[in-house]
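Heads up, the next two complexes both have chain A, just with different partners, chain B and then chain C.
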Partner chain A sequence: MIRVIVLLIFSILLSGCYDRIELEQQSYVIAIGIDKTEQEGVYSFTYQIANPEIGSAAVQSGPDEPPTEIVTVNGSDILSSTYTANSFVSKKITLDHTKIIVISEELARSEDFIRVIQSASRTPQIRRSVQMLVSKEKAIDFINNNEPIMEKRPHKYYQFMLNRAVQTGIIPKSTLHRFFQITEGDADLFLAIYATTEQSDQKKNTEGFEDKYIAGEIPQIGGSPTQFMGSAVFKEGQMIDILDGEETRVAQMLDKTLEMEDYLATIPDPKMPEYRISYNYYQKKEPIININYYKNKPTEIDVNISFQVEVIAIPSLIMYSQSKKDQQTLQEALTQRLEEKTNALIEKTQNSYKSDAFYWSLYIRKHFKDIKEYEDADWHKNIYPNAKINVTYELEKMEFGKMINDSNLEDVRD
Partner chain B sequence: MVRFLKKSSESPSSIEKKKVYNSLEKNIQEMKYLFSSNRNKDFSMRSLKIKFNNKEGCLFYYSSIVDGSKIDMHVIKPLLENEGNTVMNVVSIENIEETNEFSKVIQYMNSGKVILFIEEDASTYAMDVADFQHRSIFKSENEPTVKGPQDAFTESLNTNLSLIRKQLHNNQLINEGIQIGKRSINEVNMIYIKDVVNNEILEQVREKLNNISVDSVRNVELLEQYIEERPYSVIPTVLYTERPDKATSYLEDGFIVLLMDSSSACLIVPVTFWSFFHSPEDRYLRFLYGNFTRAIRLLCFYLTLMISASYVAISNFHSEMIPPDLLLAITASRERVPFPLIFEVLIMEIAFELIREAGLRIPNPLGPTIGIVGALILGQAAVEANIISPIIVIIAALSGLSSFALADLNINFMVRLMRFVFILAAGAFGMLALTGVFLLFFMYAASVKSFGVPFFSPMSPHFLSPEDTVFRKPVKKELFRPGYLYPKDIQKKSKS
Partner chain C sequence: MQNNGYLRIKEIAAMTLLLVGIKLSDSTPALLAQKAQNGFWLIPLLSFICIFPGFLIMLYLLKKYQDKNLIELMEAITGKWIGKGIGIVIFLFALLTITFDSRNYIEQIGLLYFPKSPTIVLFFIFIGIVFFGAKKGIEVIGETSWLFLTVIKISASLVILLSLGEVVMQRVFPIFGSGITNILTEGVKKASLFAELFFLLIAYKVTKASSMFSKGIVIASFITLFEITLFYFVYITVFDYNSIAKIAFPFHDLTQFINLGNFFTNIETLFMVFWLFAAFLKFIIFIYLATWIFGEIFAIRNFEPLLLPFSFLVIMIGQLPFNSIINELILREMLLTIMSPFFIILPYVLWGIAWGKGELK
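Now for the complex of A and B:
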């Protein structure tokens, strides 16, 4: 008996602590960048490592210590190159706290992209909730140029920046998990965050619709050079196009699996088109998506979206709140405009992408007996591009803010 | 050795058989021999001529444990002056016993009675004039409450009984005395409500008490260790309290209370985990308030057991679980600490135990020193010396502070001991070991029984009860007594 106990105690003592590691013996990577190199199968990996001493009240750091250390090494996959990087990084590189993976547009558009990102799904170190970001420039440049002004600490910057941008709908929530889910489902398009630190030709706000930009085009004075706007479209694990902020937002409105809170936009005043009415768009209910699948004729997809609107500004000073008829006009103008935008996007996806960016294949799957039958029906090639899609918007509620009447211009200027 | 044992076992038996002689002279000699009167200074005797039968008599007593004026007024004076036919009718003492055995005489003497021998009388009279010195009733210091009675037991059986009877006016409240001990015969008083308590449990306790064969059991604190089933167990199975109101509330539910003359506390058996977890104030406070304090206490229970261990497990094995801000802060502060994290935690936990133990033992005038020195060890100074990181101070303080919310001393020690086991387990295999050890501990706790009552009843196994476990029901809705005691009358309050 005593022998057994002794054996047990020793086995516990000897096997214990085998994967124990102290916190200060690790370096925490916040962002990973992946770039192509000239050599096939070799990529350059950039790791942005947080400096723990920055922003810690307990420890006074040296005045010259930067908030992050950025290192780049060449390697074949994300994990093994961390060991190469240890030739000049002093601690074990841990990927547990990675917030984003930055991929250069060049790599994303290449066929090899799926090969290199695959290792991210295998290792338990990288969470499935890590966001995927496509940068216009090389990832190494993106990470190096990205210099937040207020949030010096990188994890805080990415956390706040992505959260807020996702809330407003100008970028999608693009987790690694969703990427693999959609890519392996072999239907639908995956939207990844599109961002850049390089300013390109700035577009004029010609149409007046606020977010018809992609990253890099927004006229900006001051602030951090990094712009997050629009999304990179991935089909079958390869990037094919870029959607602008407005299209990204529409895509999210149509997608039940993505959440967007609300956004502010303007439309031309239906009664005085030289002025523009601003409104706050809410989508409190999920869109209703009905798919009727027919074997021999085009599939019918009916989408019904109910939304709410809070009118924020009426520069024309027309009393919309006082007249039922005027409200009706405004309502029609709103739904018409939304439907136009939506139909334009759907047309684009049907004709040029041949697939949807709204994860609608989820709702057709119930019409098939097994996976094989579903794959044979072929969403990409057959069902979606030929489908008849009918999107209707329904205004649930219109509010006019806390003041019902605007100033009466005639009374003011008498 | 064997010879010695034999000898010592012989002498009491010879006294046991000895009867009181008919001759006063012989009796006096015997008494003087038994109590070593030439050396024993507080052994007193007084000879007198009794008036009512005109015979010689002699009184024996310990002057230190009797009330001198009472002897004077109610024994000596009547014997010298009053007329009558028997002793009972002459002396004015409320309690007189007659006996003719010396063994009894010794017992009576020790319990503070005065013994009267009379010439040509083969029996003696023991009159109760005991006056053992004790504190008066103080406020409950170790189990204080804000709302509720403030008095505490004191080192006097009669006072303690009166505190209980004051709250429980019931003719079924029985105070049964059981003598234990060989050399010093002490009395344990078993208190229960006759028409509620379960006879089997009562018999079990009685048997346990009767089976104690030891020279002496001085007080209930020692008695606790004689009657518990598993002396090596980390889990206590007897409840110890100094609050009469707590004792009374348990009596009402059919528990048994053990009192002794020499302790300012009582024992309550059988117990469950909940008896240790509850405080009487939970019931005195209104439903919501009481349950709020219960919730806090449950949190404290968890914190004090687990927080240090969880911290060790998470930061050594599962750093991905810590939010990045905190992670970086801990990492930054740990960069200058030379010790492994588990060692840091142990240093602080032990330091806290040191302060607690020293604070308990330190003489009152030096009390403030503990505060100053303790703050140095547990505070900024230790951090600045790079011995520990600041977050450990918070963890250790939290775990130490939480342990005080578990007021019962027994459960407090259990938690403090188990904490170290958990920390070591967490340091060996992280969360896996922590969960495993906790599970084992929990299973062990569930297997423990106190006088046949499972430790986690009435929650598991389920019993009809007032359902007073983690949270309690409104007092009006408590219909039953705890069913795990199988009380004779389970209904506490009729419905409607």
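Now for the complex of A and C:
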């Protein structure tokens, strides 16, 4: 009798082990690349699998072991092709730790993109915090060419790389979650990270701008070949255009739901335009967005952004810090420049994209009682393209770093 | 029946909180959002307004007819046979609610954490544990609920705290979702969201003094209402109206989404443990109450041996729906819609009869 009871107890307890799987029996995918193939409905999936022995202090790895294994298979959706890949990957492929999904520009611009990305939200393995990245070349080439130099562990590389680039505002934060919110909301434009490993058409840095690039255009010597810069614009789940780093920053400045910490930029010195003043831009307060909705005439959108500036370098050696009048000139130059850039971007979204990239549809919602009314008013076909938009920048504070004055050129050279 | 009348306000409140409050973490939000879109977080409020006055009347009647529980009260007011008839209806409602709910919970556990285990195995283990828990009697259940309540609520608050960063307030607008008439009708139709309160009335006599029971359950109802509304509000502001209707298990989607800083990613298992505790306790309480109702109707004083056949019944009926979507969106929705008018009207009818008989003086 006792034996039977023991047997029963164990069979109940052990049934908890149904889903047991050892760590070493799993391969953790860090990046997934998706490409189009010639056949419709079939895509090529590239999985970058992390080697857990690299970068770990506990395990001595062989010197020849690469930090990642990259495999590519054809299939119809993200999950089922992991099983195809198992024909030559020795362990169970697990997507729980995926950090990014790379989509080739070719696929992103096709109408079928939404079909393949939908499957990502159905499986519980892929989290909503996975970032979406559009690569200029094929995703398979992007993942294969991407060779981080200092940080070999792929999951940390993507995490640090993207975090830092998002902080500086040159790329937006583009999680799957946000993609689905905006695409399903059907009212705004979604911005995805734009990146490439191919430096084909480098721009000469003639204008001296730090952020007027898109990925692949930045003249670079040394370092990893991968450049993250700018953003891919998605309208209704399909990519339509690319914004450069500067426009991406402006878009993030206007969007309350995205966080950008600070960035460095330059403007021509208002008193000696051949030199450029560098400054650190901070946005400590959220922008104030006011929408006055009118049924029969254009809607008015008032945006007020207050920002702070720390001047970093004044190569012209003009003593801005001492003269109130000069400061006033600098201040006006700064706000005017920001307003110009912003107005140019807004005009572009109104006229050529016919929708906004700033998630502003959120602020008009309160003017409607129910969803039917809101959807009938049609934010991105009707309201936004015809709206009167007025953006004002307000400089709250201007600091001059830890130096009061620069060296007086005349004293030095006399 | 192990009932020495030891339970107090806190145990009653804990049981109510677990039994009713866990609705914030199953598929109910998806069910409500199907029709109400982003106005769905208002539905629990409306449902509560519909059903709570009636519930207070029930408490008042129980107080008037001292030393009676739900079934005895109905027998006293409407006569033996009609009372038993209504009792059977209530019992069937309870059993079906347990069945549909347990299937829903099994699907959640299976889909998210044990993808390879067959549903039937999960079902047997889940209900098996529930059975052993329920066998301990109402006092142990009450004590256990109170003990675990704190950790369960702390983990739930942590989920809210960590998801605050993703909340976009403007997503609650347009405030009435799919339209004010739609919200109002849904609010009335889904009043049975709080039907569990009525099932709890069978335990009216377990406390030292019956005023403790009333106090505990009334306080807990308001806390539950607040919790459910808060969670639904977070769901709608995080997911927006188009997505919320598509997400079957928003609580788990939320726990998968949030991170504790850069280092602690993928932390959903942390919350899953406490959620599982809550789920076990909910069904332990529920199956005990249902069996108790059955026992009262058929005058079976020692009803606890019945727990085993009823647990088995729950597993068998729970297996029947073809998939979790049919189970949740069609069967459960139907059950809620049928239960609502019943529980809204019942207290007034009982009160009317009692008043007509002149027994309320």
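The rule is short, and it goes like this: the second predicted complex is superposed on the first by the 399 of 414 C-alpha atoms of A that agree within 3 Å, B and C clash if a C-alpha of one lies under 4 Å from a C-alpha of the other, contacts with A are read in each partner's own complex, and residues count from 1 in each chain.
Here is the rule we use: a residue touches a chain if its C-beta (ideal position, glycine included) is under 8 Å from a C-beta of that chain, and two chains touch if they have at least 3 such contacts.
All figures in this text were calculated on a predicted structure; none of them were measured in a lab.
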{"item": "First, second, both or neither for A:L264, with chain B first and chain C second", "value": "neither"}
{"item": "Touched partner set for A:H177, first chain B, second chain C, both or neither", "value": "second"}
{"item": "First, second, both or neither for A:E53, with chain B first and chain C second", "value": "first"}
{"item": "Which superposed partner A:N163 touches (first chain B, second chain C, both, neither)", "value": "second"}
{"item": "Which superposed partner A:D19 touches (first chain B, second chain C, both, neither)", "value": "both"}
{"item": "Which of chain B and chain C A:D96 touches, first, second, both or neither", "value": "both"}
{"item": "First, second, both or neither for A:K366, with chain B first and chain C second", "value": "second"}
{"item": "Partner chain(s) touched by A:R153 [first = chain B, second = chain C, both, neither]", "value": "first"}
{"item": "Which of chain B and chain C A:Y28 touches, first, second, both or neither", "value": "first"}
{"item": "On chain A, the residue positions that both chain B and chain C contact, one per complex", "value": "12, 16, 19, 96-97, 127"}
{"item": "Contacting residues of chain C [partner chain A, same complex]", "value": "37-39, 111-118, 121, 125, 128, 166, 168, 170-171, 173-180, 182, 239-243, 246, 252-253, 256-257, 259, 262, 265-266"}
{"item": "Chain A residues touching chain C - in the complex, by the definition given at the top", "value": "12, 15-16, 18-19, 96-97, 124, 127-129, 159, 163, 177, 180-181, 184-186, 257, 362-363, 365-366, 368-374"}
{"item": "Interface residues, chain A side, partner chain B - complex", "value": "12-13, 16-17, 19-24, 26, 28, 30, 50, 52-53, 55-56, 58-59, 61, 94, 96-97, 99, 125, 127, 153, 155-156"}
{"item": "Chain A-facing residues of chain B, complex", "value": "315-317, 319-320, 324-325, 327-337, 340-341, 383, 389-390, 427-430, 433"}
